[in-house]
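Note that the chains take the letters A, B and C in the order they are written out, and that residue 1 is the start of every chain.
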Amino acid sequence: MMRETWQRLKSDPYGLSGLIVVSVFFLIASCVWSGLLGQGWYEVSGTRWEGISAEHWFGTNLIGQDILQRTLFGTATAFEVGLTVTICSTLLGTVMGALSGWYNHSWLDEIILWLKGVLDAIPFYLFAAAVAFALQGSPWAMHVAMIVTFWTTTARIIRGEVIRIKQRGFIEAARAIGLPGLKTVFRHVLPNTFHLLLVQASIVFVAAINTEVILSFLGLGIQDGVSWGLMLAESSQEVLAGHFGNFLAAGTALFLLLMGFNLLADALQDALDSRRIVR
Amino acid sequence: MLGVTFISFLLMVYFGPDKTYELLGKNPTEEQIREVRHELGYDRPFLVRYGDYLRELVTFDLGLSDSNGEPVAAILARTLPVSLALVLPGFVIGNLLGLALGLLAAWYRGKWLDKLVMSASVVGMSISFIVIIIGLQILLCTPYGLNLFPVRGWQVDGPGSYLYYVTVPTLALVLVTLGYNTRFYRAVMAEEIERDHIRTLRAYGASPAEQLFKHVLKNSLVPVLTRIMFSIPFVVISGSLLLESYFGIPGIGLVTFNAITSGDQPILKAVVGLTGILFVVALMINDMLYSLVDPRIARP
Amino acid sequence: MTVPALRVSGLSVWIGSGADSIQVVDGVSFDIDPGEATGLVGESGCGKTMTAMAILGLLPSTGVRVSCDHIEINGRDVSRLNTAQRRKVLGRDIAMIFQQPATALDPVFTMGQQISAVYRRHADGNQRRAHEAMLASLESVGFERPEEIAQAYPHELSGGMRQLSMIAMAMVCKPAVIIADEPTTALDSSTRALILHQLQQLQALHGTAMLFISHDLGVVRQSCRNVMVMYCGRLIEKTDCQNLFSHARHPYSAGLLSCIPQLGATRPGRISSIPGQVPALADLPSGCHFAARCNRSEPRCSESTPVLDAQDKKGVACFRPL
C-alpha cells in the first residue's frame, strides 16, 4: 500500500511540490538543530532597521539583529512546536479514540466523549490562557494547551474507524483464535487506520504552527528563542513606520511552510483514499 | 455546559494565581495569611467554591473586576455589543461567500473553475490570521498602501464611522475564514449533488438554479447550520480576541485579552461562563432548526 | 403507418476518453409505438441503464461520449437540442421511473410539492391547477386518499407507495414516453404485481409508450408485449414476448431463458447456466460478442458482426439462429 501511495503522490504535481517545500524547511530546521544555521539569531550584528544588503539579506530588526538568522531559527522553532504537538496529540488521540471505540457504549466511552465535548466547547485561546496560568508560566504551557485540545479530532476519527473495523470479519477471527481484545486493536485495527492518522497529523501540524503564531502574538507562546509568531508580533508595530523586514520574512516563510503542508495533506488524502481507485 | 464551567473553574480558580500575596505586604504573618485566605474564600472546600461559581453565573452576579473594580456584568454589557457589531459582518459575509463559492465549485466539479476555487482556498488557508491582518493594514491603512482606513480604534457614532472602522477587521475575518468555509461547503454540496434525487430532478427537467438553490441547499442545511451555529461562540470570543487586541477595539475580546495578561479572574470566569451559555444556546437553536429543516427529525 | 412515440437509432456510448475509452452501448436502434410496452432485458452491466440515461441526455458531460443518428419523440428529434430546450422535453414528453424510489425522491419535500413542481415547470405555473393535476395524478395511480399522500414526505411512505408516487410524478404531464428502469426490483413480490398492474393501466389509458428495463424476464413477460435482448452493449434480438418464450432465436436469449428455474416443475431439474463468462467491456472480442460462449458458433461469427435490422420489431443478430 505504501508503494502505491508513493506512486500516486509522485504523479501529483501539487502534492510533490508540497513535499519538496516541507522537506526543504525540515532540512533548514535540521541544520539549525545541528548548529549549522541560524546560530546568530540573538547577536546584534548591525544597526537597527537596516535595509536589505549582502550582509543582512532581509535587513535587521529594531535592535539590529539579523532577520535572516531569526527566520532560519524560527523554522526550527516551528518544527519543534509542530512535531511535539503533532506527535503527542496524535498519540493521545489514538489511544483515547481506540479505547472509546473498542469499549463503545461503555462508561469509559461516555467519559471520553464527554471530555471531547467539553474541550471542543471551550474557546481555544481562553483555554490556552488558563493552561498558562495553571502551569505558572512554564515554557511548555502552549504545547500542553494545544495537545490537550487537538487530540479530540484524531480521537473522533479513530473511534469511528475502530467501530467500523470492529464490525468487520477479521477482528472476530482474531478473537476466535484467542487474541485478547485490546491487544487486537493495536495490532490489527490501528494499522488499518494509519492513512487517516497521517492525514490528520499533517492537519494538526498546520494548526499547531498557525496557533503558535497567534499565541506568540498574544504573548502566550514561545518564551525563549525566536519564532515567526514573535517576529510577526514585533513587525505589527514596525510596519506602521515602514519597516517590512520582519513581516515579509516571517510571513513568507510561514505561508510557504503552511502551503506546503496543506498541499501535502490534500495529496496524501487523495493518494490514500482507497475509494479513488474505484472511481 | 457543566463540563465547560468545571474545567475552567478547575484551571483558573483552583490552580489559578493566588491573590493572597498580592494583597499583603512583604513578610506577612501566618495569622494575616489565614485571614486574607478566608476573606477570599480560599479555605473553603472545593465543591463549595465551585457551587458559588455556578451561582454567580446563573444570577449574573459576576462580582467586580480585579483591575478597575467595575462590575463584571456591566463590562460585559458594554463590550459584547461592540464585539457583535465587529464580527457579525465578517462572519455573515465569510459564510455566504464560502457557501456561494462551495456551491459553484461543487457544480463545476472537476472543471477548471472548481480547480481555481479550490487552489485559491488552499492559498487562503495557508495564510496566517496575523499575516492577513498586518498585510491588510499595510495595504489599506498606511501611507505605504491606500491609506483609506484607520490603523486601529473604534469611535463609532453612526453608519459612516461604523463602516470606517469595521471594514478592515471584516475583510481580515472574511479572508481568514473563506478558505476553510469554501472547502467545507464544497464537500457538503458535492455530496448532495451526487444524490439520486438530484438526478431525478434533472430527469424531470429542473433548471440548475432549481436543483441547487431549492433542493441541494435545503438538503444540506443540516450540516451547514450545524457549522454556522457552532462556530458562533468561537467567532465571538476567539475571533474578536485577536481582532480587538490588534485593532484596539474595546469589545469583549480586548477585555479578555487584558484579563489574560493581568490575571483578572472574575472577568475570565465570566467570559468562560458566557461562552458556555452561548454554546448551549447555539445547541438549542440548532436542534430547533433541525426539526424545521428536516421532516425526518420533525415527525418521528 | 403511425409515427413511433420513441425512435432511437444508432445510439452509442463510450466511457473514458481517447484510446482508453470503453464502448458500453453499441449502435442501439429501436422503435416503440404509442401505447406499446417494450422490455429491454439483459444481465447487469450490459448497458441497459446507460441506454436509458443516454436517451434522456442525463449522462455527465465529462468522461462519457454519446453519439447517435437521432432520438425522436413523436417524430421530433430531441438529440440535437441544447440544454435549455432539452429541459423542456424532460418530464413533459418523456419521463423516467427510477429503480430506488427511496433515494430518487427528495427527502425534505412532500410528495405533493415534488409532483406539483413537475407540473408547474412544464404545463401550467398556476399553483391551484398544479395542485389539482397532482391530486388527479396520485388518484390515477390508485391512491384512494391522494391528499394524504400529497402531504407525506417520502420517508413516511412504504416502498410500494413511494414507487406509485414516483409513477404519479412521471404521469402528471401525460408524457408520450415513459422509461422505467427496474421499477420493481427494490420491491417485494406482492407490491410488484400492483405496480406492474398500475403501469399497464395508465399506459392503456393515456396511450403512453414505455421502455421497461429489467433483468427479470418474468416481470417483462407480465408487463410488455415486445422485448429486446441486450448483450455487451448490443441489441441481439427483438421480438414479442410470446415468441421469445416459445421460440427464442438467438442462442444467448435461449440460454437466458433456460436459466429461469421452472416453478411447479415435477422434478427440480438442474438450473442451467450459460457456459463461460461475460467478456470484459474493455476487451471485447471482434465479431459477435457471444461467439466464444456459443455452442453454435462457426468461424465467421468471430470475423464479422451479425447485424439486426434497425427499426424492425422483430429480428435477430445471429448468423445461425435457432
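For this structure, a couple of remarks:
Methods note: contacts are C-beta pairs under 8 Å (C-beta built on N, C-alpha and C of every residue); 3 or more make two chains touch, one makes a residue touch a chain.
These numbers were taken from a predicted model, which means no experiment stands behind them.
Chain contacts here run in a simple line, from one end chain through to the other with no loop closing.
Put simply, the chain farthest from subunit B by mean CA position is C. For the pair subunit A and subunit B, the distance between C-alpha centroids works out to 22 Å.
Note on chain placement: the centre of subunit B and the centre of subunit C lie 53 Å apart, centres being C-alpha means. The set of subunit B residues touching two or more other chains is empty. Among the residues of subunit C, none is in touch with two or more other chains.
Those residues of subunit B whose C-beta lies close enough to touch subunit C in the complex are 110-111, 195-197, 199-207, 210, 215, 218-219, 293-296, 299.
Contact residues on subunit A toward subunit B in their complex (touch as defined above): 114-115, 117-119, 121-127, 129-134, 206, 210, 213-214, 217-220, 229, 232-233, 235-236, 239-240, 242, 244, 247, 251, 254-255, 258-259, 262-263, 266.
By the touch criterion stated above, subunit B contacts subunit A in their complex at residues 3-4, 6-8, 11-12, 15-17, 122-123, 125-131, 134-135, 137-138, 142-144, 151, 233-234, 237-238, 241-242, 245-246, 256-257, 260-261, 263, 268, 271-272, 275-276, 279.
Against subunit B, the residues of subunit C that register as touching in their complex are 56, 58, 62, 86-92, 95-96, 98, 100, 103-110, 117-118, 121-122, 153, 155-156, 169.
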